[in-house]
Amino acid sequence: MSTHAAEKRSFGAVLWDYLTTVDHKKIAVLYLIGGGFFFVLGGLEAMLIRIQLISPDNEFISAQFYNEVMTMHGTTMIFLAAMPLLFALMNAVVPLQIGARDVAFPFINALGFWLFAFGGILLNLSWFLGGAPDAGWTAYAPLSILSPHHGIDFYAVGLQISGFGTLMAGINFLVTIINMRAPGMTYMRMPLFTWTTFVASVLILFAFPPLTVGLFEMIFDRLFGANFFKPEMGGNVIIWEHLFWIFGHPEVYILVLPAFGIFSEIIPTFSKKRLFGYSSMVFATVLIAFLGFMVWAHHMFTVGLGPIANSIFAVATMAIAVPTGIKIFNWLLTMWGGNIRITTPMLYALGFIPSFTVGGMTGVMLAAAAADLQYHDSYFVVAHFHYVIVGGVVLGVLAGLTYWWPRMFGTMLDEKLGKWTFWIFFIGFHLTFFIQHFLGLMGMPRRYWKFLPNQGLDLGNLISTIGAVLMAVGAVMFVWNIIKTTVKGEKVSHDPWDGRTLEWAVPSPTPEYNFKQTPLVRGLDPLWVEKMEGNGKMIPAEPLGDIHMPNSSFLPFMMSLGLFIAGIGVIYQVDHKAWWIVAAIGFIITFGTMFLRSIKDDLGYHIHKEDLEDEGAGVK
Amino acid sequence: MTHDEMLRSDNLPHEPEKATLEGKNKFLGFWFFLGGETVLFASLFGTYLALKNSFGSEEGVPTTELFGLELVFIMTVLLLTSSLTSVYAMYHMKNHDFKKMQLWLGVTVLLGAAFLGCEIYEFYHYVHHYEHTFTAHAFGSAFYTLVGFHGAHVVFGLSWILTLMIRNARRGLNLYNAPKFYVASLYWHFIDVVWVFIFTVVYLMGKVA
Amino acid sequence: MKGWMGRFRALFLLSGLTLLLSGCGKPYLSALQPKGEGSEMLFNLMLLSIGIMIFVFLVVIIIYTYVVLKFRQKKGQEDYIPKQTEGSHLLETVWTVIPIILLLILAVPTVQYTFALSDTTPDEEVEDDALWIEVTAQQYWWHFNYKDLNIQTSQELYIPTDQRVYLELTSLDVIHSFWIPTISGKMDTNPIENKNQMWIHAYEEDVYWGKCAELCGPSHSLMDFKVVAVSPGEFEQWVEDMQNVNPDAEPETVAAQEGRELFQENSCAACHAVGSSPVAVGPNLTSFGDRTTVAGVLEYDKESIVNWLMDPEKYKPGNQMTKKYPELDEEEAEKIADYLMSLKPSDIGPDDAEDGDYIKAQKDEDNNDENTSENNNEENTEDQQ
């Protein structure tokens, strides 16, 4: 399909195309738009928080509203911004990196996106329907159970819906990576981003169900009179904390491992060297994931689990520092002796290494169970996890977007503006969060609506707010860069960075079938191997033949819409039984479309060999 | 592979459920899904064990008095047998004998429905004779959530198998629907395995403790 | 418990890190200026971990700086293709083993301290005399019940400086977390049956700020309390005074007397006890006249009390007092304030914690007169430093 034809299509046609698409590249764009929107929203919430805390005893926003903003900032950033943005990159890149024409489950891939989107919308509807959730992103019971308005219900139902979507996305990537690799793409030749996607998907698969159960229990308690978290009825509030953190800790690695993967792609590319210690990088990734499942109680050192449990979880947590350290040193040694080009993505990678090292260091400090009695729930923790999430994940996403932008959109983000963006964001980030380590130890607990004068906390908070403004400026500049580049629309070649991996071997814009002929992989960094052999492009593993493609479908949208409607009905049935009708309509839509999907054959279609030959002639 | 090849019901390969890439993907993906489901039930079991016999300030009947093993034993037999019959069905699928596969799937569905009937009776009995309800106390909530989640899985599994049977009744087995049958039967086995744990952890251990 | 950690700290003192950190924050709030046994242990552990981490960070940064400066692409070298190194077993082993050793160094005291801090069995000699206090958290205030002494206070916890004080923590609504940064780490207060225990031990007399560290509702950030750490002799006197409170005593001024009547009429007494009554729907007001703050956060003066009584919602959103009593006019509120400010059953108050006078305990004096007085002088001078 040529660009000329694409331009002529009406807006309605494009919209319909995206509503029904099952193409992983378009789903990537959808995730990018969705995640980007929520990232901006979460950023605005962050700004409200920082403005409120600019000076002592400030009355900028009310206490209740502050709690809602603070809760939604955390929830939005984790579930609706960071994860979808990573999914955007995974969808855009992973199938290409393994030489696949498509993902294993294109339909489910689309369903995953729409569930996320509707879950996120449902969650944010709470702003307009009586107030957002107000019990923190961790929603500890019984505070969440006792919260009088519907906010927490939106939290539980919204996250439940988007959680299903995440689970499906995870399974899709797992099967794609296992079953769809091109000939020669063995496990130990997979690019690190693919590896980390794979491991993150395993984490999703095993970490999300406990959250699902916890959210169900919360929904049952709040909306159906159950007693899981009501102590006077025999309930136990600690169950929620366990379930939440059995999910919550792996969640950190679900976010940060793909970010590691992104940097493990960028650093070799711009050092012109293969990744140092590839196999130990893979091993470290798997080990981090494995250990990540047995450390959840380090979020609960002050709950009173006793010294034995606390000690075990403390030592287990410290152990994670070892594989993480391996990674840091491997990145450094990848650059050692290399030919380093400082492009914008590389700049992000260079900013990431010291930032994340600080986050990891404070992580080890927090792991010391006894000392955590001082750090816990103070601004020290806030500083720590922002160093991990912003210093690791957000820098990773921004780096990844800049790096793969030419792959996704065929255009190149402005390098000069990109570098400015990096510096402003980076300085703002450290200004905002470094001081918060000290604020915490100076006696400022987290989630504080206001701090009092004469407690020595004024200056630190002011600095933090100034830093936050810089970060906001940086984020705006990034968005501006995207707009500017898109309007300019200047196309670049399919391999503008001199890439090493398969995603740079396909023409730009990427054809809907990715690879006309499945490539033959002859080593780690397959494209680099061919470049060194003087071929410059991949050797095909098969003769040209018909390509099977999946049909577009509107059903994923409908299924998700159904759950969205049902969710609203379920939330409001406590107020009036008539809302059950709404819930029923929603469930009928969802199960009806599932039934339809089951009985209607969907065999896809074929792009014929002859057409492929014609097209090849047209492009070159 | 053309559409005709996918949908023809003669000349099938030995393992029709794994003969196509789509089939292999479904097979693997479904195993992963069951892995997630396992964690889901593990969390539910964890919650149940934490809240077992926990009544707070409310009156409640403890597990030792509440459960009667006779009915639960019958239910176990029903579900275990249904798992066996679904194995027969898959055996016939591999031999491309569609009629016998449908027959054994039919038996599976009947046994599953009988199980469900017993479970509904059981819940009714608890509610009306022991006032053991979902909202009475934490133990009630945990019990009905765990066993109810399993029950909901049974309902879903039954509807799924029935849908497949009816949808494909007239056209027979082919490369397109074989993986679907296979995956549905896998799901049914999983439900059965979960029940074995429920039988042990909830009922047997409840009776002993 | 000090041992080698103490020596380690001495080493650090030389490097100045301790000095640097202890300049942070206010002495009554900062965890970096420990004034108690627990917080000092934790501070030592922090210093150890910071020391190890700074070492690791320096190693990373040195390599990093070298690499970035040395191997940055130079003009004319755009096409240079470096050697594609696969890895190095030696290096990889080195950076696996060294971190493991460093972590073990950190893990040993971590486990040691974790056990030490959660050990709430008093020493055998003092077991019967050990001071046990029941801490009950509610939105958004703290209640303290001195178990064997028949004393109840709210918002301000009086403790002696010569011993560990054992706490039993619980909550009547949501989860809160009890934190006195300068004296000890924090511990959650879980609802109802699920009770936690901890001990605190302040070395120095002072009024310390305590915080709620677990999100508990809109006024989470305003759920402060104070710890009034006084010398053992002063504490003994405080106990005696508090045990002999006469809740029905007539206030001296007329305004306060009228205030007392208004206090009864406007159903304040339904929630607020004066005296050691266990009623604890609202904070116990027995020694309100000695409070350092109003409602935990407002400056202690008549104006604040009047403001609070007129509209508590404005100062602590979501508190449980709002609208639970008839509306008051300013005059009434002033009279009640007069009454409340007259409630000073003990001669011992926050001033005694802040003045640094060390008064030894009666029982110590009886036991071993000369020895203790010497000790006293020592400690006294320490206090003044």
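Chains: A, B and C, in written order; residue numbering restarts at 1 for each.
Convention: a contact is a pair of C-beta atoms (placed from the backbone, for glycine too) under 8 Å apart; a residue touches a chain by one contact, two chains touch by 3 or more.
Small disclaimer: the values here were computed from a predicted structure and weren't measured.
**Student:** Please classify the inter-chain touch graph. Allowed labels: line, ring, star, complete, other.
**Tutor:** If you draw each chain as a dot and join those that touch, you get an open line.
**Student:** Using CA atom means as chain centres, which chain is nearest the centre of all the protein shown?
**Tutor:** A
**Student:** Compute the distance, rounded to whole Å, between the mean C-alpha positions of chain A and chain B.
**Tutor:** 33
**Student:** If you average the Cα atoms of chain A and of chain C to get two centres, how far apart are those centres in Å?
**Tutor:** 38
**Student:** From the C-alpha centre of chain B to that of chain C, how far is it in Å?
**Tutor:** Going by mean C-alpha positions, chain B sits 54 Å from chain C.
**Student:** List, in ascending order, every residue of chain A touching at least 2 other chains.
**Tutor:** Only 231-232, 236 qualify.
**Student:** Going through chain C residue by residue, note those that touch at least 2 other chains and give them in order.
**Tutor:** Where chain C is concerned, no single residue meets two or more other chains.
**Student:** So in the complex, which bits of chain A are touching chain B?
**Tutor:** Listed in rising order, the residues are 104-105, 108, 167, 171-172, 174-175, 178-180, 205-206, 208-210, 212-214, 216-217, 220-221, 224-228, 230-236, 239, 242-243, 246, 548, 595, 598-599, 601, 603, 606.
**Student:** Under the touch definition given earlier, write down the residues of chain B that touch chain A in their complex.
**Tutor:** Chain B residues touching chain A: 1-3, 6-7, 21, 24-25, 28-29, 32-33, 35-37, 39-40, 42-44, 46-47, 50-51, 54-58, 60, 134-142, 145, 160, 163-164, 167, 176, 180.
**Student:** Show me the residue ranges of chain C that touch chain A in the complex, using the header's touch definition.
**Tutor:** 21, 24-26, 29-32, 38-39, 41-43, 45-46, 49-50, 52-53, 56-57, 60-61, 63-64, 67-68, 71-73, 77, 80-88, 91-92, 95-96, 99-100, 103, 106-107, 110-111, 113-119, 173-175, 177, 179, 181-182, 184-188, 190-194, 196-197, 209, 211-222, 224, 297, 317-318
**Student:** So in the complex, which bits of chain A are touching chain C?
**Tutor:** Residue positions touching the partner: 62-64, 66-67, 134-136, 140, 142-143, 146, 231-232, 236-238, 271-274, 276-280, 302-304, 306-307, 310-311, 314-315, 318-319, 321-322, 325-326, 328-330, 332-333, 335-342, 350, 353-354, 357-358, 361-362, 364-365, 367-374, 376-378, 438, 441-443, 445-452, 454-457.
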